[in-house]
Amino acid sequence: MKPIKRVEIVTDSLELKRVLHILDELGVSGYTVIREVTGKGERGTRAGDELTDVFKNSYVMTACGEDDVGRIAEAIRPVLQRTGGVCLVSDAQWIVH
Amino acid sequence: MDTNLILSNLLSPPILFFFLGVLAVAVRSDLEIPQPIPKFLSLYLLFAIGFRGGTELHESGLTSEVGIALAAAMAMAFLVPLYSFFILRVKLPVADAAAIAATYGSISAVTFITAASFLQRLDVGFGGHLVAAMALMESPAIVVGVLLYNIHARGERRGIAWGEVLREAFLNGSVFLILGSLMIGVLTGAEGASALAPFAEDIFKGMLAFFLLDMGLIAARRLGDLRRGGLFLTLFAIVIPMVNAMAAIAIANLIGMSRGDALMFAVLCASASYIAVPAAMRLSIPDANPSLYVPMSLAITFPFNIVVGLPLYMQIIELFWR
Amino acid sequence: MDTNLILSNLLSPPILFFFLGVLAVAVRSDLEIPQPIPKFLSLYLLFAIGFRGGTELHESGLTSEVGIALAAAMAMAFLVPLYSFFILRVKLPVADAAAIAATYGSISAVTFITAASFLQRLDVGFGGHLVAAMALMESPAIVVGVLLYNIHARGERRGIAWGEVLREAFLNGSVFLILGSLMIGVLTGAEGASALAPFAEDIFKGMLAFFLLDMGLIAARRLGDLRRGGLFLTLFAIVIPMVNAMAAIAIANLIGMSRGDALMFAVLCASASYIAVPAAMRLSIPDANPSLYVPMSLAITFPFNIVVGLPLYMQIIELFWR
Amino acid sequence: MKPIKRVEIVTDSLELKRVLHILDELGVSGYTVIREVTGKGERGTRAGDELTDVFKNSYVMTACGEDDVGRIAEAIRPVLQRTGGVCLVSDAQWIVH
Amino acid sequence: MDTNLILSNLLSPPILFFFLGVLAVAVRSDLEIPQPIPKFLSLYLLFAIGFRGGTELHESGLTSEVGIALAAAMAMAFLVPLYSFFILRVKLPVADAAAIAATYGSISAVTFITAASFLQRLDVGFGGHLVAAMALMESPAIVVGVLLYNIHARGERRGIAWGEVLREAFLNGSVFLILGSLMIGVLTGAEGASALAPFAEDIFKGMLAFFLLDMGLIAARRLGDLRRGGLFLTLFAIVIPMVNAMAAIAIANLIGMSRGDALMFAVLCASASYIAVPAAMRLSIPDANPSLYVPMSLAITFPFNIVVGLPLYMQIIELFWR
Amino acid sequence: MKPIKRVEIVTDSLELKRVLHILDELGVSGYTVIREVTGKGERGTRAGDELTDVFKNSYVMTACGEDDVGRIAEAIRPVLQRTGGVCLVSDAQWIVH
């Protein structure tokens, strides 16, 4: 088991491409995505019932090293400021395989 | 006004199913059409309307009449967002004004499709090139909206990623699918039309009615958001469509369109986008509030057009074409 | 018994596709119809059966015959859950008895629809008001079930949120959609019927067959849960439908229904809900075990009715109507 | 980065409305919802294959302050007792934007 | 070569919609048909083609011609993966060679279906037993592939769970659905056929065109992965289908198949699986790289067969059958 | 509140059955599953757009006791080695109901 940081990002679905592009650029080792996510926050309810991806969220989780966290936070922050969302960081153990 | 026309429109299955959806939300029924079913129905409608328009265009050919109609459509697609913007600026910040202007400059395919089945009930035809006009009118307003925002926004006005804006405008899924299906219709002509007729024509009205049930659900859910918009925006969402329709009818008369073509053109100008434009605005003008432009277009202008607009515009056309 | 009738029913596509679904689970194939496709098919069937019932009702009008049939339907919708409850109480706690009673008091739209295509193969018609009867019979059992639970449950019997129960009963998605589509059918009549015919009628049988494939998959998956229920519940799930059907046939004969109407009425009384009621019971009687009432209705009563019940009830009707 | 509590609730889908209503009433700043969730627990398997939302779960996550946790737990507990589910609380850092 | 045939195939709606999908990816449009819609369309196509094949088989009966054709199909299903494996071993490790061999030994239902609508445009019929042949040819290659892997792999070659492999091979969803629908078609015959015709026949071409739009999207997305595969695999994905088709045509001529049957048989042998086999290989030969066998089959062989293969094989058949 | 381990497993969708079977065998008290998950890792992108479950992930979360973690890790590792994925373990509090 290896200590690792678990970064979760909930963001406007339309920004998903940008967020994944950012993670790719930063060279994270991988990420997991859940596309159909709804929610509520200061920008109101996103019920995911539109015909477009407006009013819908996506969820991205990446397990990364301690030092990546800062860079990810910095790169993601402008996206969150623009269209909202949350980014949480927590501790976890990676079962190395 | 011909109350018969209003009534027969009101009592047609698509409109009634729209109201059934609204009613479901009003009485808090848990009726729901889960995603991606509505997306499927919407793709189907674009596929079918594009393809059918193409096969008709194949028959009629590219006459000068077609060219003139398309030019008129392009002109309106640039003009409407322009004057809408300046009207909206009276009350709204630049970002919201630009986004709403783009919304009303663009078109709603479902309104167009509902108008097509309205005409069919009246036994009035329209040219396949109107479908091409629809596809062409979807994008320019997006570009105009972003341009207006870029020119008028001060302060944090960051460099616009024009590549992205143009791709969103001209290559978003719905424009692409209509244009593509239209091209395929043009290429395959009558033979293709008859091969796909059971799918693209026969079950079309039923699919539309089913889809409008969902539109009713979504529109009604968005109504609540409108309180934030205030009276000004509610009025805008009813008056501007009428103004645009009148302008369209005047132009249609000038360039000698048929009655059916004139109605479809009026409907295109009167309708507001709730698919392509909101997605584009969200990305290109993120400071604009989607809780304004989405409900205006979806919960006011769309029902207004299909319920009141269709018979009203038709009535006016009947007056002038006599 | 007329083995021909059984065989011709067994060999009809909808029934065969149901068994194909069962077989897939039995041989552990990974065949699966992912959600929300089954939900879409189910909404489609409700939409179509409601609409078609409405257009037929438009033709026949609201005769006294219709009124009597609806009154009989309402009566059965209150009676069946009542006597079911007291039979079930012999072996079961109050919560489970009430929930199962509600399940059997209500109806299954898919059973009704399968019966409709069974009649169509026999060239026997039935009145559009039976669709109205179906919609009316879906809800009362929910209210009766919750009432029975409330009266008989002791101890932690908390205040029932009647507003919620009534909304679940009368405004749940499936009741609302059937009733709404029926109303639209009544309003649009023959014109609407012919406009939507390719969607609501022509492809209907195929959609039903495809949907029953999924029903077979789900029913077979639920079969395993039944072991917990024991023999009593398995017997109940077969015998009570027959009892209800007999009662319905007797009433139908008394009030002079046609053969087709009598079969549909029998099927309504014999069928058990697996959509509206389970969802309502889950919320209103949470101590009842859904692993009892869902598999009983879905994995025993539903197949029993469409495979054995339909020809059996028809046979009995033929005897008495001669 | 701000320390925060990450409350996750897995609950019967039919109870989702109630759970969100509870969170709204408690005034949490937002929540994220995943509607199509299946699972298994002491009440058996919920495979999400029914035509209704019976035998299906939903997932709700809210990032909230330390003091909210107690109130959420208290308000959610009756729902969990009635129709099952789990509620987990863990520590995380919120990337303030 | 008859350029007319190529052109008329190229300009048919299904092929054009396939290219529309490819184009959408090429120009980076965000057009997307969200899951599970494509899965629904794919299940529909299997349901319809199986059922229709069955009803035709019901008419023709189980003649010796049918028996011989099925035997030939089985023979090819065992032979193709065998010789493919040894060709592939020249350049590839055992795992990849076995998985690709299985992929090409099996068949693609959508290629078959596209061929059926190609024949329909030419007014050439084919026997319902070819659908049975398709179902029979889907599985053996999986078994052969796993066997080859097991025999030739050294080192970490763990015990194969044959129960699982056989179930994956013979009871996977798509084989099961085709065979099941075929059986139902055989059982219900003409009566069933006419009852389901609007669903299973009339809207079929439209559903196919719509589905091929999605196939175009997926195929184009996978194209990028091919760079890893190199020229050898790209060539293999074009040449082997032609070789297999030639072998099939020779056999078809020998056993006296009709022109239509010969084309369908050629197409079955030429096509490669991208549904049943990849899923089975992923589980049974996990060291094989799915980024090789999926794009080869989906992004090269599938388009090659439906665009070039169909007219080419038909042309050759015309030569020999004269 | 009871301290508990939160084990998350992201795995090839085709392996989901096997993973759940493993958890059942180990006798965990329950698990929660999200079936439609995409992602990227050392084995490339899994976009979930195929007609089969190839190139798709599933997500499993189980809240379990400290001693279960080792056994789960051991049993899951061969699956992860074969077809990829990640397994993360983190601390959480279970709101006992």
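Think of it as A, B, C, D, E and F in the order they're written, each chain with its own count starting at 1.
What we mean here is this: a residue touches a chain if its C-beta (ideal position, glycine included) is under 8 Å from a C-beta of that chain, and two chains touch if they have at least 3 such contacts.
The structure presented is a predicted model; accordingly, all values stated were derived computationally and were not measured.
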| item | value |
| --- | --- |
| Partner chains shared by chain A and chain B (touch criterion as defined above) | none |
| Comparison of C-D and D-F (more C-beta pairs in contact) | D-F |
| Maximum centroid distance from chain B, chain identifier (CA atoms) | F |
| Chain whose average C-alpha position is farthest from chain E's own | D |
| Chain E-chain F separation of Cα centroids, rounded to whole Å | 34 |
| Euclidean distance of C-alpha centroids - chain A vs chain F, Å | 19 |
| Distance between the centres, which are taken as Cα means, of chain E and chain C, whole angstrom | 41 |
| Touching two or more other chains - residues of chain E | 35-36, 39-40, 198, 202-203 |
| Sequence positions of chain A contacting 2 or more other chains | 34, 36, 90-91 |
| Pairwise chain contacts, counting only pairs that touch as defined | A-B, A-D, A-F, B-C, B-E, C-D, C-E, D-F, E-F |
| Footprint of chain E on chain B - complex, ascending | 35-36, 39-40, 43-44, 47, 51, 167-168, 171-173, 176-177, 180-181, 183-184, 187-188, 192, 195-196, 198-200, 202-203 |
| Residue ranges of chain D touching chain A (in the complex, touch as defined) | 1, 4, 6, 20, 24, 29-36, 63, 90-95, 97 |
| Chain F - residues contacting chain E, complex | 12, 14-15, 36, 44, 47-55, 82-83 |
| Chain B residues touching chain A - in the complex, by the definition given at the top | 35, 38-39, 42, 217-218, 221, 225, 274-276, 278-279, 282-283, 286, 290-291, 294 |
| Of all residues in chain A, those that touch chain D in their complex | 8, 10, 34, 36-42, 57, 59, 73, 76-77, 80-81, 86-91 |
